[in-house]
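To keep things simple, chains are lettered A, B, C and D as they appear, and every chain counts its residues starting from 1.
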């Protein structure tokens, strides 16, 4: 599988997400696309009240939402908004308690086929090297016109 | 593995979640514990703006948060709040697009050991029989005092 | 999703597997199709030397092979051998040590679409009610002629 | 998490597996430990008749067995045979059809705690760069004496 230049730039992807999925910013803009590359995307999720559990720990669901968004972003950036992928499955391993700071999610596509895309996501606390959460996911890609 | 009567009633569990995890109601009270039983819990998640994607579809992350809460609730109800379980892994299969209505999550523990609990969750649109989402999860149970 | 009568009987499915996948019997015939029904199959795997770990415990890989076969059988029985499904993903939870006896695997399809099938499998030791292993899997279904 | 030198060398690990798990070689010696490193192991599985499906394709169960062995090997090499890990869960994504040649599995531990170890495995056809199969797994580590 050859790695081609993505169909969308960071700015185009960011603008598309804002326009088509404004709900991800419900309660405050906390998701940011930092970089896109061939079969790759890096996102940042701010340390924000709406993502917290008591005691100030970022919640599991906040991390799961970030991982899903990061994989979706990598697919979208690569093929462009010609056919919108749908999540079919996701697996998460929660490895360490996150720090009280932003999370960085790096998603990488392991396979991008005509009908399915599979990728993995590594989530870390900003500035830290140990993994907080690891995920893999499969997305169904409808027929592209 | 014998199925014992849970350590907490529906009301006790609901009050505990409200007290210890008020963040789940951030933006509006949408999660409700409908029933608890031996190794079992049933929760309802309202069809609420904060859980939606454009077009009015309940989002994947909303369903993932519901599944995690339902499994956590089943464990907590069974053993009581003597040791709070921590999610170690979750796997989701998104099967069908949900209806524009509440979701019902039924969680069932497949194993409740001294150190780990494993359960599955079936999520359906209220009043419908087909599964919208199926999940399995593993939770780590700290040493119980 | 309506449950239709499967396209293949138990005997037809069993004969098809023997003919097209003789390798599953490499080292001894240990897999048996016991029953098929709408979106359902039940298989038995004998307690055989080739499936054991030291000490006589049935191995994880033996159980994983059984689960994959049970899901594949349920799909094949339902739609017939018009398009052969390919495993795209599998998740296993190993819950209890199996008994030194046969394993019974019951697979149930949660969704049977045009392009993907998703199912779950419950594996128990013959004669016992507690789950030994639980699995979910997704299979890709090629274009049907 | 600091990466320490493994407790076992490649030769020690290989000898231990041969001695304690002779069943993995049932039907022919096809698994080989090629390298161990901090939180890492690389294994090779030969292209052998017993691992094949009709048409000569390496089977899913053969790949699943290889992945489980590779993760187990990485854990064992790192902590030594003081407490033998038990597989609690595994998730597989089958990405591409393998080539008719040996498979190389590289396992990497994402977390090695006191009670649980989590790792991922990348499986490729020998000499090829594209992933054939990707897996993640969680292992329970009994109390170490």
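The working rule: a contact is a pair of C-beta atoms (placed from the backbone, for glycine too) under 8 Å apart; a residue touches a chain by one contact, two chains touch by 3 or more.
Because the structure is a prediction, the values reported are computed rather than measured.
Taking the definition of touch as given, a chain qualifies here only if it contacts chain A and chain D alike; those chains are B, C.
Taken together, chain B and chain D share the touching chains A, C. The pair with more inter-chain C-beta contacts, choosing from A-B and B-C, is A-B. Between chain A and chain B the centroid-to-centroid distance comes to 24 Å (mean Cα coordinates, whole Å). Put simply, the C-alpha centre of chain A and that of chain C have 34 angstrom between them. Measuring from the averaged C-alpha position of chain B to that of chain C gives a distance of 28 Å. Looking at chain C, residues 88-89, 91, 93, 118, 138 sit in touch with two or more other chains.
If you check the complex, the residues on chain B that touch chain D are 88-89, 91, 115-116, 118, 138, 140.
On the side of chain D, the complex with chain A involves touching residues 1, 91, 93, 95-96, 110-111, 118, 120, 130-131, 134, 136, 138.
Chain B contributes residues 20-23, 26-27, 49-50, 52-54, 59-61, 64-65, 68, 86-94 to its touches with chain A in the complex.
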